[in-house]
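Letters are used for the chains, namely A, B and C, taken in the order the chains are written, and counting of residues starts over at 1 for each.
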Amino acid sequence: MKKVMMGTEAAALAAVLARVQVVAAYPITPQTVTVEELSDYIGSGRLKAEFLTVESEHSAMAACVAASATGARAFTATSSQGLALMHEMLHYASSGRLPIVMLNANRALATPWNLYCDHTDALSQRDTGWVQCYCADVQDVMDSTLIAYKVAESTMVPVMINLDGFYLTHTSEIVDVPDQEAVDRFLPAFQPECKVDVEAPSTFGAVCGADLYMSLKYRRQKDTLGVEKVWSEVAEDFAARFERRHPVLDPYRMDHAEVALVVLGTASGTARLAADALRLEGVAAGALRLSMFRPFPKQAIVSALGGVRHVVVIDRDVSIGAEGIVAQEIKACLYGRHHAHVHGFIAGIGGVDVTVDMLRGIVKQALGGQETAIALNESYWVEVLP
Amino acid sequence: MTERIWKNDLLSPGHMGCPGCGASLAMRYVLEILGEKTIVVMPAGCWPTFVGLYPTSCLKVPVMSVPFATTAAAASGVKASMAVQGRGDVTVLGWAGDGGTFDIGIQALSGAAERNADILYVCYDNEAYMNTGIQRSSATPAGCWTTTTPMSALKKEPKKDMVNILAAHRVPYAATASVGFPDDLMKKVQKAREIQGTRFIHIFASCPTGWRYETQLGIEVARKAVACRVFPLYEVFEGDDWQINEMPQKTPVYDYLDMQGRFRGLDLENRLQFQARVDEEWNRLLKRSRPPFRPHDALPAHWQEP
Amino acid sequence: MARQVIQSVYDLPVMPLTIQDMTWNKTGTWRYMVPVIRDKIPPCRAACPLGNPIANVIGMMKRGDMDGALALLLRCNPLPGITGRLCYHPCQAKCLRKELDSPVAIWTLERYAADHGVVPRPEKPAATGKRAAVLGSGPAGLTCGFLLALNGVDVHILEPAARPGGFLNRVSTDKLEPGVLQREIERLVDVSGLHIETGITTLDPAGFDRVMVDESAYDPNEEYAAVINRLCSRLSGRRTPAPLNEAFSGFKPSQVAHAIGLGLRMAGVVAAELGIALREQGPDAEGPVIKKEDIQIDRFQESASAGFSEKNRPLDKAGAMAEAVRCLSCGTCNLCQRCVISCPDACIDLDETETRIVLDLYHCKGCGICAYECPRGVLTMEGEA
């Protein structure tokens, strides 16, 4: 059934369709609609779940960790400051092998206060071991959340679904809402092979010596790297049932492209328009959206790039003291595997709009044209005061 | 034949707790009453460091080790999980030290108490951050030596009144208990077990390592603390009905202080102040309590069996 | 108990959950002192001329086991109904309960057990093929014969008077009511299987491996004493009479326990001469004798004695149990399990038979709390080699 809804509403409805059992969340702009909707779904009985109105995001993730470890399907949502506050718990959830799914609204981190789109919040959590997906549109939010539970529960790795703050959280689009029975067939009830349980008493998270800690981490790395393949398989299954595709990479006009615009999130739509415009101007441009950022799909990226000679990375984030995080990861990914030159651009941070003209200018600069962005330490900053 | 005194022996030997650990005793008493259908949620502190060496553990009930600040939030999450899975028969026990309750864990505890989360939260209080090396917490009494309140800078601030804070949240049941009075402690756990909502028990758990007394005096020190009114035993129902359980004769605190090396730094003036503070707190407790009666009379009417 | 060796990360669950307990960890290596469980002699037992295991007897009475209490008493005293009425009870003078309120009425409790307990006849011991005779059936003679008979000797007590009991028949009835002596003697005959022959005027020493004489049975002025002496004088050669009362000369009823004690000692001497090993007479206990400082007197609540200032006041079972409960069981483990409930490491517990306390020395860290908490000095900490 088709309905008009915002990204945050789609996430809430996806959680309902996924029959989550425990929601523990704390309000923060621009995620609030999700928790408001969920409290009503649960209060009205539409979703049979427990809603914990916890007193901080750190507690929200703690409650989800505990609920998931004891066998309940858990969900939460947050953004920027809240995500940062959860940092310790993010490590705990992934090392605990807990299949929690979380919505994160990408928003700039203080100080000063800024509520608008910025990817630094999630990207600076890239080492916490969570799968990270970045959604392009509202349908993507709905579908990715459902795929995420299936992937998480079969690999025991938590998943973070990222939505651009305001661009996706608060933009309404038409969404094809799957029906409950179809979702139930796609996503059965949560039946973990082990859990914290009075029927089989065990201690979760005891002190561990060097011998086993490192080996556990090795296993975790193996299993998390394997998520790329599992996601692809589950997405194939989803496509067979619901006729919508959600691969880990989303290429556009990459055939015979010489320049690739690499983006995360909603800037992808803009990047496609920019690629079209550039092609008309004679530049063989394509756009490559990374739907999955963690695990980083290295081989898939190398293949998708083909004969591209210039990779232009748009970072809506920065690792202060280094460079754009996506650019860094792309460079590492291409090292020894691909010859393209990587141009890192920092653009669209803290709510600065990324436009088609801006992207055309960026590509032209990368190809040797007039400098429109300020150079700093191998990356270029767009629309900043000098 | 003699009746075995332990009915639920849920702790097995070989754990790495210090010899004479009061917190370990506290756990035995609590689990004796709660039994095997209990999920223990424990944050960083002494207990999770000695409960096991992965992949082995000394407890025969399931245990969830959680980060320091999160006990009550995690316990709420476990309870929600049990509720939604139809396992109302499982007791959720939050088990935190004084650091994890009075300091870093107080936000989560306040949040859970405000929501009246259906958890039994027990604080085993050894009056400092013992696991990390005896650093002061807000549960450390004034005048006490710790590694962050050394002899040159003994702690000035008095012990935080945690039961009072919980009472202000109007939780259905809050109480103090001591490893020196196991029968009283176990009766309180039994009472708490039969109540819904957030229940808080503050257990005085003596620590030979941090308090500097000979290990065999572990229970004696706890008895002395109650006898000298340093740690009164009382219960608070619904946040405003205070009942004292043990009415010791007035005994000078010096008997208690002199047992422990951590109070050796107190000069005469500070010892007198310690006594004065104990007297003042005791009088405050007396004033807000019902006339004291023999411990553990019938529960208030709405908890009695129909 | 050994720790499982992990060969592959896939031997472990995917979540960081434990798979085994910690009993593999030998925390017993941490200690430098070890708890020792050893019953010691309570002052009542030390004061008793018979070495009666009073704390153990009263321990049974606490639980309402009057029959068991009597059976234990009978192992070193065949006449508890007599001592429970006549003895000057030095045990009570030493009872440490007096440090709290008043001593336990041990004497009255002994009488209660004797009057109300029922003892089944013990299994017949293997016959040793030895025969012994005791001339005179005073308390010493009866006791000596009783102990030997219990250990398989065919004992004949030869009494010149018409009734057995010696000087006990002369005790005034307000101290020893009629019928009690007869009941006590019938019971000791029933339990031990010895034979009593009264009205003896002659003695044929042939057929007896040993003949003993109870010279304390009667006051020397009595005619029966003369009879015994006359019969003694007929004995010669290897049947030299073994007198029972080397140092004893009193005939005071209040010293009856001393007479019984002499009988026990003589039985021991004769058994050794006959090559018979006597069965244990009472539960084991080692010195030293428990003193006031060994008891944690402040752990006990004050209570009034059940008003036994007048002897011969009738007592019921509830009253006897209530009085027995007042016994502090000095130095004698009564399975109160204070030690069990005070161990932070679950290293001390009742054994599977639930009759004694055992230690887990593989894990015991030697903290000493159990020894400190034992209110009666049974558990002590000792240095380990």
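Heads up, the rule we're going with is that contacts are C-beta pairs under 8 Å (C-beta built on N, C-alpha and C of every residue); 3 or more make two chains touch, one makes a residue touch a chain.
Treat the numbers as computed from the prediction; the structure is a model and nothing was measured.
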Pair sharing more residue contacts (C-beta pairs) when B-C is set against A-C: B-C
Middle chain, criterion being Cα centroid separation: B
Chain separated most widely from chain C, comparing mean CA positions: A
Centre distance in Å when chain B and chain C are each reduced to the mean of their C-alpha atoms: 46
Length of the line joining the C-alpha centres of chain A and chain C, rounded to whole Å: 82
Two or more partner chains touched - positions in chain A: 69, 196, 202-206, 208, 212
Set of chain C residues in contact with two or more other chains: 6, 12, 16-19
Multi-partner residues of chain B (at least 2 other chains): 52-57, 60
Residues of chain B that touch chain C when the two form their complex: 1-2, 4-6, 9, 11-17, 19-22, 24-25, 28, 52-58, 60, 182, 208, 214-220
Touching residues on chain A, where the partner in the complex is chain C: 69, 95-98, 156, 192-196, 202-206, 208, 212, 215-216, 218-219, 223
For the chain A and chain B complex, residues of the former touching the latter: 21-22, 24, 48-50, 52-56, 58-60, 62-72, 74, 88-89, 92, 196-198, 200-209, 212
Chain B contact footprint on chain C (complex, rising order): 3-4, 6, 12, 16-27, 30-31, 335, 337, 340-347, 349-350, 354-355, 360, 362-363, 365-369, 371-373, 381
Chain C - residues contacting chain A, complex: 6, 9-10, 12-19
